[in-house]
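You will see two complexes here that share chain A, one where it goes with chain B and one where it goes with chain C.
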Partner chain A sequence: MMLTKSDVTNILDVIIKIIEDNRQYLTDLDAAIGDADHGINLDRGFKAVRDKMTQFLDKDIGTILKNVGMVLVSTVGGASGPLYGTFFMRMGNAVSGKSVLDENDIVAMFEAGLSGIKERGKAQFGDKTMIDAMEPALNELKKALSEGRNLKEAIGAAANAAYNGVLMTKDIAAKKGRASYLGERSIGHQDPGATSAYLMIKTVADYVDKLQQ
Partner chain B sequence: MKKLINNPEEVVKEMVTGLLYAYPTYLKKLDNVDVVVRKTSPVEGKVGLVSGGGSGHEPAHAGYVGKGMLDAACLGAVFTSPTPDQIYEAIKAVDGGKGVLLIIKNYTGDVMNFEMAKEMAEMDGIKVSEVIVNDDVAVENSTYTQGRRGIAGTVFVHKIAGAKAEEGAELEEVKEVAEKVIKNLRSMGMAFTPCTVPAAGKPSFTLDEDEIEIGIGIHGEPGTHREKIKSAKEIVAELMDKIVADLPFNDADEVALMVNGLGATPLSELFIANKEVNEYLVGKNINVYKTFVGEYMTSLEMSGFSITLLKLDEELKALLDASADTPAFKQL
Partner chain C sequence: MVGIVIVSHSKKVADGLYELADQMTGGKIRIGKSGGTKDGRLGTNVDEIVEEIKKCESGDGVLVLVDLGSSVMSAQMALEFLDGEYAGKVEIADAPLVEGTIAASVEASIGSDILKVKAVAEAAKNLVKI
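What follows is the complex of A and B.
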């Protein structure tokens, strides 16, 4: 199963919509343990992506993703700007010049994106950040593919793993980000960054699930 | 939400416009980015000082752009750090050939965005150094590697590093004195009421009528714990106990003191707090060399205040006393 360039841009369109729909939800999650702007900031960034996308829509998938990353970095601000910006830029780098993506490309870009986030944020799994959704998703994706399951099933499993990662963030204290200042008080609250990461992964899974192939 | 705004999305843009109308002789704005720089930028032969952060802390940071303090302030969205491209433009605009010092408050987003900008400017061959302010003792017992937040004490870093740069010091020397300030700087704050970020439209946390939040930051984020309301004397004592014990400040130390309002506490109450702080310090035989009472780094309309102590030596005293002329901080 392959993803074409139009699949990628369709997925981006849905992500823009999902972030818009969840703007208040993500902001409310952030209000409990952070500074109440996660949804607002991401929505501002993805709206800018929507506005600027026509400028790079004729390029290859790698260039499109790199441009998405640059728009996010220059419009989101906060911590999620450089983190998601780096994520998309690194994903773009990993699939430079490509017009279709196979399973290996998808794993490679996700891997590159996640390691970019870890470097930029100096965080790891269990710190109550977006990594808590992304890392289990990547691990599950690789595992499912290595077991011979198809891309639909593998991405579906990855989205479930991301969701479990989000639930896990409720039970742990934050070690990174503004929520870390609350220490033990952050326990019981779901991490907004992990939640937005899950929403994006779930969007990809739902899209791939509907593909007729 | 009842606010004097037109549109939540336009708050920063319109605020900057109004700021420039107010201080045309001090400030100019860079094209296409929310960066305010000295009218005379770049100042040849002087290390450039760039700071900034989210908006909503006025008069920080743009209010401190001017002679003896900052060369540029980068204005992020409300309570959101500025973006790397903005900071990069600021660095380029103020580099007078001796390099640029970034004064960053220790928040994940601020550090990441400033560091990305630093990498971009270094690729252009500009010398860039950074210092990270972390004066808030509220989270002193945190085991988290993240470290402490930077709050109102940052204004002392702007002042003293600014004075050093104005003397014509080299980048390394300016950085060194900024780090000396940070090492000797401790603050802590509390809130009576939360604030409302315009784009969010509702308060960032809720407090009962008789509750106060201790150890808050400057972004409407909740503090370390919640208590029942008590007297000004008791509140000051609680904050001072933590601040003084932390460095620690000792008998016969000389300090600069800042009692900083967070946006909605009247000056009368800040002076009451200042009375309590001074009496507390007399009890410890710590001498106040210079006092600043007012709104230096606010948190929108949050009601509450923070206390900052900076332990001084002769060098810091002289630089603190040096003249400064900015919209929000004037000293002859």
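What follows is the complex of A and C.
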């Protein structure tokens, strides 16, 4: 199974919509342990992506993703700007010049994006951040593909792993960001960054699930 | 002389700290400031940080002082975007914003190099006030 450029832009369109729909939910999660702006900031960033997308839609997938990252960096304003910005820019670098993506490309771009986030935020799995959803998803994606499952099943399994990662963030204390000032008091609250990362991965899984192949 | 760039989530913090540092150094050095997002919210703005660093670079380098969280990441991204002719000339101080900025500005105003200015800013962490 391959993803075309129009699949990628369709997925981006749905992500923009999902972030808009969950703007208040993400902000409410952030109100408990952060500065109550995660949903607002991300929505602002992705709306800017929607406004500027026509300027780079004729480019290859790598360039489109790099541009998405640049727009997020310039417009989000909170920590999720440099983090998701780096994520999309690194994903773009990993698939530079491509107009279709195969399974290896998808793994390579996810891997590059995640390692970008880890470098930028100096965080790791278990710190109560977006990595807690992304890393299990990547591991599950690789595992499912290596077991010979198709991309549809593998991305579905990855989304489930991301969801379990989100649930895990409820049970641990924050080590990064504003929530870390709360220390143990952050336990019991679901991490907004892990939640937005899960929403994006789930969007990709749902989209791929509907593809006729 | 080494330039100083102040990065905060708040425009008011950046403006106020600029005012303090500029008074302490009597306008001898270039001090830049970036606070808040383009549309006036609390947050940081990579594009503006890049512009301010460019404005403050006179050949001797620029030290960037940051407050918390995304200001650190945004400043690091700004440095990556500036790579090339600015490589190795711009540094981010691991210092408290107010004390570090004042210490660094005064040090820069007496003509010290970027590494000395950075070291003085970072030493402000150990400043005993009372």
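Note that in this section the second predicted complex is superposed on the first by the 213 of 213 C-alpha atoms of A that agree within 3 Å, B and C clash if a C-alpha of one lies under 4 Å from a C-alpha of the other, contacts with A are read in each partner's own complex, and residues count from 1 in each chain.
Methods note: a residue touches a chain if its C-beta (ideal position, glycine included) is under 8 Å from a C-beta of that chain, and two chains touch if they have at least 3 such contacts.
In this text the structure is predicted, and so the values were computed from the model without any measurement.
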Fit-or-clash call for chain B and chain C when the two complexes are aligned on chain A: clash
Which of chain B and chain C A:A36 touches, first, second, both or neither: first
First, second, both or neither for A:V73, with chain B first and chain C second: both
Touched partner set for A:G126, first chain B, second chain C, both or neither: neither
Partner chain(s) touched by A:L83 [first = chain B, second = chain C, both, neither]: both
Chain B versus chain C, judged by how many residues of chain A each one touches: B
Intersection of chain A interface sets (partners chain B, chain C): 35, 37, 41, 44, 73-79, 81-83, 120-121, 177-178
List of chain A residues in touch with chain B within their complex: 27, 31, 33-37, 40-41, 44, 73-83, 120-121, 174-178, 180-183, 185
Parts of chain B lying in touch with chain A, wherever the complex brings them together: 54, 76-86, 107-109, 112-113, 116, 138-139, 142-146, 149, 197, 199-200, 204-205, 217, 219-222, 224-225
In the complex, chain A residues that touch chain C: 35, 37, 41, 44, 73-79, 81-83, 85-86, 120-121, 177-178
Residue ranges of chain C in contact with chain A within the complex: 36-39, 41-47, 68-70, 73-74, 76-77
